[in-house]
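Common to both upcoming complexes is chain A, partnered first by chain B, then by chain C.
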Partner chain A sequence: MPENSSKTPGRLSSLIRWELEKTFTFPTLAIIIAVVLYITVPASFGGSRGPSQMPSLVEMERSFASSWTSALSHNVSTSFMYSVFIFAALASNSLSRDMSRGYMRVLLSYPIGRTKFFLSKILVLLFVPFFIFMCCLLFVAALVFPGLFLHMPPSSVAYMMVVMLVQTFFILAISLSASLYIKQPVMSFLASVVTLIAMDQISFYLSAPYKYLLPTMGTRILMDYHFYPSRFEFQYTSGDLLMSLFGMVIVPAVILIVNLVYFKRRFQT
Partner chain B sequence: MRNKVIKVGYLAIIVAVMVAFTRAFVTDSQPATVGSHFEIPPNSQSIEITIWNTRTVRVIIDVSPATSRISVYLLDEEGIKLLHDEERLQPAFSLEDVDGCDFTYQPTYRGIYAFIIQNNSNQTAKISQRVIHQGLEWDILQFSGVLAIIGVAMSLLPRLPYPKKPKSSHT
Partner chain C sequence: MLIVEAKGLAKRFGNVHALRGLNLRVGKGVTGLVGPNGAGKTTTIGILLGLLKPDGGKALVFGFDCWRDSFEVRRRVRVLHEKPAYPGSFTGRRYLEYVAEFYGIRNPEEQAVRLLSSVGFSEAADRKINTYSAGMVQRIGLAQALIGEPELVILDEPTANLDPIGRAEFLEKIRELHQEHGISFLISTHILGELERVCDQVAIIDRGVVKEQGEIEELTKKHQARNYMITVSNPQVLSREIKKSGVAKQIRVEGGKVFVEIDSRQHFQEEVIRIIREHKLELVAMGPQYGMLESIYRDVMEEKEIA
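Right, the complex of A and B next:
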C-alpha cells in the first residue's frame, strides 16, 4: 500500500526537478525545440488595408499587430499533429520506460508520495513542452515582424496561450493514460499516436455539436471565438463552444483524476 | 557550468539552422503573388497599406483605359509618418504620369509600406495590380549566421585548455 503523502519527505519541488532533469536531457530537448521551430517559423502574414485617409503609423501598427496575432493563432491548431508525437514520446519515455525497466519499482520503494510523484510528472510533461512552444511562437512573432511584436494585444496573446495549454492538456491526458496502462514504451507510444490521430480525423466527420468535443475542431472553435467573432456568430452556436470546453477541458481533467486515483490506489509495479 | 554552456551553444546552432532553413531558404522557392482590382475616380487617389518582409518585390500595375495617367508613390514608415504628421510627400520610390508600371523593389526592412496611386486623368481608371514576392530573406540569414557564430563559440570556447592558475604559496 502506498504511504500517506503527508508523512513522506519527498517534496513536490524536488520531484519536479528530478523529473525535469531525467526527461529533458540534451537530445530530447534539442529535438523538441527543432520540431517546434519547424512548425512555427514558416508562419506567414500578408495583410493590407485600403483606408480613405492616411492613418497614423501607430494605428497601422496596432491594426496589423492584431491581425498578426490572429495569423499566429492558426499555428496552435495546426501544431496538433506534431504535438501528438512529442507528447506521446515524452509520456512513454517518462512513464512506460520507467515501468518496463523496473525504475518505478525502485522509486516507489523510497518514501515518496504517489500523488506528488504523479503530479510532478503531469506538471513537467504539460508545462515544459507548452513553455517551449509558446517561447518559439513569441520568438517567431518578434523575428518575422519585430515592429509589430510590441503592439500585439496582450489579451489575444494570453488567450492564444490558454488555448494552446488546453490542447496540450488534452494530448497529455490521452498519452499519459496509454503509458500508464500499457506499461511498454513502444506500444504505449504507438497507442497514443494512433488514438489521438484517430480522434483528430473523427472530429472532421462527426455531426455538428459532437465534433467540437475533440481537437482540432475543438481548438478551432475556441480560437474563432476570440479572433474571428463574426465567423463565430455565423458558423457556431454557444452550445458548440460549451461542447468544446467540455471535451477539451473537463474530459481530460476527469481522465487525469481517474489515472491519479488508479496510480495511487491500484497501481502495482 | 562548462557543460551547460556547451549545451546552450548546441541549442543556439540548432535554432540558427532551423530558422534559416525553414524560413529564409524555403520561401525562396515559393513566390507569393497577391492580386487586386480596383477603380480610382477622376483626379483622385487610392491608398493601400501593406506589410512586407525583406524578399524582393515585383509590382505590376496595369491601367485601363490606356489613355489614363497615374502616379505611383511607395512610402516607407518614415514617409508615412511625414505624410500623416506634416502632410509632406517623401516617397521611397515614385513613378509619375505613367499608363502602367512594372518595377522591382528591395524592401530595406520588415514592416509597413504604403502605396499611393493617383489618377491624374479626367476619367475613372481601372487598376489591376499584382505584387510578387521572391528571393531570400537576407535579414533572417544574417540573424541565423550571428546566432550560429555565437553557438559555435559557446560550444568550442569552453573546451580550450586554459592554463591553470598556480596555487599561491604562503610561506
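Right, the complex of A and C next:
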C-alpha cells in the first residue's frame, strides 16, 4: 500500500463535500436563488402591492408567515408542484448526469464504498430544501429585521421545515429511482415529473385513509396536525395520520433501500 | 510475480458476448493489452476494477478477487479511462485534491501540486476543467492515475486525445515512471507502434479471448515477420525474380519499394540476396514492413483467420 495514505479511503465527509461543491454551482444555484426569490419576494413586499408601497413590519411578518403556511397547508398542491420540478431536476442532475457523462465510472474507480456514495447524494439533495428554507428566512430577516419570528414560535418554523423535508424525501425517492434506471437526465426528469404528478392526481380519487399515502394529501394532514388542530380533529382520524407517515417516510425509505441494493449489485461495494 | 490473473472470464451484454472465457496473466512491468475495437479490452478493464460483474470466470488483482474484494483492488490500482470525464465546475487542482482525499492521502494539497508539476500542468491548474482541451483533460487523467504511489496503473486508450508530440511525451513519462518508481502499467490500445516503445509484455485479445500473451522478446521469436519491405535500384526486376523463385506468397511494387508477404522466412533472405547479386542490383534497405509488435499482432490475427 502507498506509504503516504494514512486516512481511511473514501470517507463519507469527503464525498459529501465533493457532492456539495458539484451541486451548488450553476445551474443548480440559479434554480435555488430563483426559488428563494419566488417564495420570499411576494411575502416581503406584501404580494401584489409591489415594492413601491412598502408594507409595515407587522404586515411583512404576517405576509411572510402566511406565505409559508399557506404554501404548505392551504396550498400544498402548489408547494408540491414546484418541489416536484426542482427536486426531480436536482436528482436527475445528480445521478443520471453523473452516469450519462461518465463521471460516475471515474468516481467509482476510486476506493469509494457504494453505500457511502449513494448516501452522500441523498444527504446533499436533502440539504437543498433545508438550504432553501434557511435562505428564505435569512432573506426576509434581512429585509424586515428585527422581530421577524415573534408571532411564530421556533418550533413551528422547525415543524414546517421537517414537513418540507419529508415531502422532499418522497419526491427524491421517486426521482432517484427514475434517474438510476433511466440513466438519461432529461428522460429521467420527465419520468419523475409525470410519475409524481400522476400520484398527486390519483391521491384525490382515493378514499381515506389511502389518499394520505401520497404527498399532497399526506403533506396537508401533517400541516393541519400542527397548525390547525381543531380542523385536524374534525376532519381526520389518527389512522389517517399514521397512513400519511407510512406513505411519506416508510415507503420512500424502502424505495431508497431497494435502489441502494440494486446500485450495489451493479457496481459492487 | 503475477499481479493480474483472469481465468475463463465471460461477460455478456444482451446478445453480445463481450468476453468468452478470457484468460489473462500480467506480471510486473509495462504490459500492452492490444486488440481491435470491440475485442473486449474495456470490458476486461471494467471487470478488473470491479465496475462490472463477470458472468463467469474469476479475476484476481494482487490476489484480491476483483468483484468480491473490489474495494481492496481499487485501493491499489489507479485507472485512466478511455474518454474520461471530470466535473467541469472543478479546477484541475481541486479535482486532484479530492481524488487524493478519496485515496486517504495525508496531504492532498501537496500531492496535487506535486502531480500537477510532474505532468507539466501547473499553469492551468486553477482553471476550470470545462475550459481544458482534450489533451489537457488527458493530462489531468494521468495525474489522477498517479496519485499516492500506485502499484498498478491501468490506462485505457491513453493517447487517443493527444497530438503526436503529446503522445511521445506521454509514453516517455510512462517509461520513466516504471523505471524510476517501479510502477506497473497495463495499457489498452489498438495503436501498436506506440506500445512497442514502452511495453515489456503484451496480450493480444480478439472477440473476447486472449489469442496470445507473453514477453515481447519471446513472441518475436515465435511470430516472425511475414511482411517485408525492400528498397533496391530496380524494384521491377527484383519483384519479377522473387515471383519466379516462388518464395513469396504475395508481392507488389509501390512507390519504388517492393512489398513481399511470405509464408516462411526460411530461404527468403538468401534468395533475395542471390537475386540482388545475380542482377547487380543496389540494395538500399530491407526489413520487416511493420514494427515488431505489429508483426506479432498481424501474425496472431492471421492465424486466427486461417483457423
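The rule is simple: the second predicted complex is superposed on the first by the 201 of 269 C-alpha atoms of A that agree within 3 Å, B and C clash if a C-alpha of one lies under 4 Å from a C-alpha of the other, contacts with A are read in each partner's own complex, and residues count from 1 in each chain.
To be clear about the criterion, contacts are C-beta pairs under 8 Å (C-beta built on N, C-alpha and C of every residue); 3 or more make two chains touch, one makes a residue touch a chain.
Keep in mind that this is a model prediction, so the values were computed, not measured.
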item	value
Which of chain B and chain C A:267 touches, first, second, both or neither	second
Which superposed partner A:103 touches (first chain B, second chain C, both, neither)	second
Which superposed partner A:111 touches (first chain B, second chain C, both, neither)	second
Which superposed partner A:21 touches (first chain B, second chain C, both, neither)	second
First (chain B), second (chain C), both or neither touched by A:11	second
Footprint overlap on chain A, where chain B in one structure and chain C in the other make contact	26
Contact footprint of chain B on chain A as seen in their complex	26, 29-30, 33-34, 37-38, 41-42, 44-57, 60-61, 64, 143-148
In the complex with chain A, residue positions of chain B that touch it	7, 10-11, 14-15, 18-19, 22-23, 26-27, 32, 34, 36, 38, 46-53, 77, 80-81, 83-85, 109-112, 114, 140, 143
Touch list for chain C against partner chain A, complex	49-51, 53, 67, 70-71, 74-76, 79, 81, 83-87, 89-90, 94, 98-99, 101-107, 111, 148-150
Touching residues on chain A, where the partner in the complex is chain C	1-11, 14-15, 17-18, 21-22, 25-26, 101-103, 105-106, 108-113, 265-269
